[in-house]
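Next come two complexes, and both contain chain A; in the first it sits with chain B, in the second with chain C.
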Partner chain A sequence: MTRVASLGARARRLPLVGFALLYTVVTGGPLLWVASMSLRTTAEIFKDPYGFPSPAHWEKFADAWFKSNYHSYFWNSTIVVVCAVALVTVIGAMAAHCLARYAFRGNRLVRFLILSGLILPPQLLILALFQILLDIDLYNTLTGLIIVYVATHIAVTVYILEGFFAQIPQDLFDAARMDGYSDFEIFWRVTVPIGAPAIFTAVTLNFIVLWNEFLFAVVLLTDDDKRTLPLGIMHFTGSHQLDVGMAATGLVIAILPVVLLYAFFSETMIKGMTAGAVR
Partner chain B sequence: MKGRDAVPRAIDARRASLGILVAFLAPALVVYAGFTVYPVLRTFYNAFHTITPRSVVEFAGLANFTTLLFADPVFWKAVINTALFTAVATAIDVVGGLLLALCLFARAPLAPLLRVVWFTPVLMSYVVVGILWVWIFDYDWGLANATLRFLGLGAWEQSWLGQPSTALWSVLAAHEWKWLGFNMIVFLAALHALPSEVLGAAELDNCGWFAKLVYVIAPMLKRTIVNLTVLSFIGKMMVFDLIWVMTGGGPLWSTETVSTYVYKRAFEWNTFDLGYPSAIAVLWFVIILAFVALMTRLLRPRDRLEF
Partner chain C sequence: MAVITVESLSKRYEGAAAPAVDDISFTVADREFMVLLGPSGCGKSTVLRMIAGLEPITSGTVSIDGLIMNQVPAKLRDIAMVFQSYALYPHMTVYDNLAFGLRRRDVDRAEIERRVQAAAAKLGLAAFLERKPHALSGGQRQRVALGRAIVRDPRVFLFDEPLSNLDAALRVTTRNELIRQQQEIGTTSIYVTHDQVEAMTMGHRICIMNHGKVVQIGEPLEVYRHPADTFVARFLGNPPMNLLAGKLELGDVSAVVRFAGAAVPLERKASLASFAGRDVTIGIRPEDIYESPPPGASKSFARLPTRVVAVEPLGAETLLVLSLEDSRDELVARVGRATALRSGDRHEVALDIEALHLFDPATTRAIA
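The block that comes next holds the complex of A and B.
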């Protein structure tokens, strides 16, 4: 009896398993395909687009890295993203602490002003930002892009941090004040350590989003040696349009760091990326 | 000392002097005001002006808006494309994300691993996803046509991105490939937060899985569904990166969206006028805002479910 029931249950799960398998192939298949192409020459690919990479042409990675500007794209992206994330985290955390902790006139107004940044489309900013950066001589500079990234990500940073900071029990702050902590010490020695998980989440989210950012970068940067990675990938594949094998190698170089990080920190990255939507 | 009022001001941790407040808020507010608030205001100002090279500004009144609404067929083409893309992509995002989440929630084998694998594309940049999918849609050696040939459906082979009738839907497929995992994770988190007794009770009542989904699970997830619908809607109305990388708006404006058109009018067409594209951006922002207000109003759960 139980045996029949469990067989029936298994049969009913068959579509479920089939669907899960199919979707896994749809997600993973294209990635494996591009990985195999990255190790094959264009001639091999055109002969058989789906063959196994044998012999594997590992030297293509060295070629792509050294014969193009990939190292400079990587370096530019690293500088821009690290600086922007560090700055936005510090000033965002200070603002979030202030909004969550202190009762003052205008608190709600400031909060509304900052959080309304969450729904601003980049298209509404980009044309004027182009003019403004030209006016102050920061157009086509990494500094200009960093400032723009910080400004456009203050809203989401404050949104994530303020929600978490507000839940820290008030007693802790009362006690700290009684012990004679200054306002800045309270921020640094109470809010920051206790709010560390939320800060970490905000850092992860901003890091992923900015590492992939395209629209602001494509409008605000023009020189090849200033390009960030997304612009660089596009430039590289554009200039290797007929050499698909090399373009695939370039694409894998861009994907690899993300996938490697994801393999080790998958939970952190999933949590960070969905921080604004999961509550 | 009784109650908050009795606490001396200097010790009350809820209060701070103006100097302290300014010190905490000023860095964020200055950057935000200079590089977010001011650009928005300047865009609104630009929308009513013509801005020629070397920043010669001429007042144009409502001329930009009247041209836009009554004499610009490309703008209307872009509006229709964006509306189609938004409607279909939002629906797939929400329904597909929920189905994937249910699939894992029903304990498909290896569910914890699949959850991580299915989320991978979300972390990639649109540039990478776009280039990958241009190859998938390649007529001669792309995966799409190869799969059709493999299944014996060679007659359905298409030049997916090369013809106006399929280009928009091909970009949409790439978009969903990248983004479905995001909605899946959000739904999965909501599902795990549901009270297990309710689902168990439905099980005992011998409720079929479809009935369970429609009458038990969906109503309890209403808040998540509304949030994700609004979030998806805003994202799709602004879609730019993927279209720019895959088709650049072509062929024959079949994938032109409002965002790509703004970019083209500002930086690609040699019209040298930032006023007109600003007017498009302003109008579109007002429309997005109106729709979001309408949706949150209509879809807000009237009676909150108690559980």
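The block that comes next holds the complex of A and C.
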């Protein structure tokens, strides 16, 4: 009886497994293809686009890193993304704490203004941002890009964090107030540690998105030594030549941190997104 | 030493039609355990939160030892509060939860250690100090919440329905534990509950609230025996007091109240004069209705013909639901477990005349 039932259950699961496999192939396939191309020369790739890397040209990574300025792009990306994520997390968490916790006058208006950033397409902002950065002498600087990243990612950060913070029971805040803690100490010692899963989710999401950000970077940075990784790919794609092999190597260098981050922290991230009430 | 005085305290939330707390006043003496009792939404928790400093006061004053606290922030009032949800910090161990308030007050490390260990020993938490709250049972969490208040050694304890999340058995033991702790520590306490058993057993005095107002304040048995109005009469006691419609007739030297086919002679008090010939509400508690007058009793009893609608044996006693002749009213009587009465029986019960309460039907207030 149980054997029959378990067979039935397996049969019912089959479409789900099939879909998961298909999804893995669709998403993982291109990744593997780029990874294999990163170890092959452009000539080899043109000869056989789907071939296996044999021999594997590991030296291409050293070439990209040192000869094609990737160490500089990587460093620029790291500075910009780490600073922007740190700032957007601190500012976003404080804003989310206030919106979730305090019934101040204009609370709804402030929330509306911040969250309306979610629906603004970045293309709409690009001209205005260009002009503003030019006016305040931050055009073509990493600082300018960091500020733009912070501004454009506050909305999604507040959105993720406020929902979570609002679920933290009010009694915890009242208890901390009676214990003598100030508003900032309550934020720091109660909201932040309890909201850590959500904060972690916001950090990871923002990191991934900003690490791959192209549009603002390409418009707001012009000097080669200030470019971030996604712009580095352009190094191999000119109007007259296309070095597919090196572009693939560059792509792998660019996406490696994100893939590693996701591989190690995806579970924690999903937990943070789906966590229920704190009890 | 701490005397809490609440004077003409009111709270009105923006946009609300009626005030949540409406002009209430009371005083809690030093070392007294005062219970605020009332149904959900009567404003008792709001009063507590205003005393704690967690809720702005619309009008009136809260004073501790004569000093008005209205503008004093919660952290400077030296009050500890135990919350209904326990409000334990989920990311901290039991030890850190207990020590959290002391650390902010710059108590030195050795003293924190001493106080936390003492409270943990007192509350049986010594073995759990390194655990996080999620690894504790409901009763243990409740004790941590209490311990957090105790270690602070505050002037005043406030309790906001601290037992309502516990199961029935644990509630009884924790209640007894709380009574013992309060007797030992002797700190002035205000305890909010909607549970009349907690109120009756724990409070030195009970303050009963309804619709944001204080209805009656007094010692538990005093309030139980002499309810100020029909709300208190029904709210205290389980099953609640029976209320019946009747009419008062006054003679020159005697008074008679007639209801449900019975005519019960009463002592003719001066306060009854204005109710001569008028409708009154008669109250009688279930335990004051007897299957038959107890043998040798010196009290006088009134006989009331009834029909048994239901018999509810509770083990130690039995509840009888009785319908009255000539009226649709029903009575509940609490009788001995050995009763032979069965549903459908006709039976004449005996009412203890001295235990009858009279209320004004218009105002619901007791007629003294």
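The rule is simple: the second predicted complex is superposed on the first by the 215 of 279 C-alpha atoms of A that agree within 3 Å, B and C clash if a C-alpha of one lies under 4 Å from a C-alpha of the other, contacts with A are read in each partner's own complex, and residues count from 1 in each chain.
Just so it is clear, a contact is a pair of C-beta atoms (placed from the backbone, for glycine too) under 8 Å apart; a residue touches a chain by one contact, two chains touch by 3 or more.
Since the structure is predicted, the reported quantities are computational estimates derived from the model, not experimental observations.
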{"item": "First (chain B), second (chain C), both or neither touched by A:D179", "value": "second"}
{"item": "Which superposed partner A:V34 touches (first chain B, second chain C, both, neither)", "value": "first"}
{"item": "First, second, both or neither for A:V203, with chain B first and chain C second", "value": "neither"}
{"item": "Superposition-derived comparison: chain B or chain C, residues of chain A touched", "value": "B"}
{"item": "Partner chain(s) touched by A:I194 [first = chain B, second = chain C, both, neither]", "value": "second"}
{"item": "Contacts of A:S266 with chain B and chain C, given as first, second, both or neither", "value": "first"}
{"item": "First, second, both or neither for A:I114, with chain B first and chain C second", "value": "first"}
{"item": "First, second, both or neither for A:L221, with chain B first and chain C second", "value": "neither"}
{"item": "Contacts of A:I45 with chain B and chain C, given as first, second, both or neither", "value": "first"}
{"item": "Common interface positions of chain A, toward chain B and toward chain C", "value": "174, 176-178, 278"}
{"item": "Footprint of chain A on chain C - complex, ascending", "value": "49, 52-54, 74-75, 79-81, 83-87, 89-91, 100-101, 104-105, 134, 148, 152"}
{"item": "Footprint of chain B on chain A - complex, ascending", "value": "13, 16-17, 19-20, 23-24, 26-31, 33-34, 45-46, 49-50, 90-92, 94-95, 97-99, 101-104, 110, 113-114, 117, 119-132, 147-148, 150-152, 154-155, 158, 170, 173-174, 176-178, 183-184, 186-187, 208, 211-215, 218-219, 229-231, 233-234, 237, 244, 247-248, 251, 254-255, 258-259, 262, 266, 269-270, 273-274, 277-278"}
{"item": "Of all residues in chain B, those that touch chain A in their complex", "value": "11-16, 20-21, 23-25, 27-29, 31-32, 34-40, 42-43, 46, 51, 55, 100, 103-104, 106, 108-110, 114-128, 131-133, 135-136, 141, 143, 146, 177, 181-182, 185-186, 189-190, 227-228, 231, 234, 237-238, 240-241, 244-245, 258-259, 262-263, 266-267, 274, 277-278, 281-282, 284-285, 288-289, 292"}
{"item": "Touch list for chain A against partner chain C, complex", "value": "169, 171-172, 174-181, 185, 190, 193-194, 196, 278-279"}
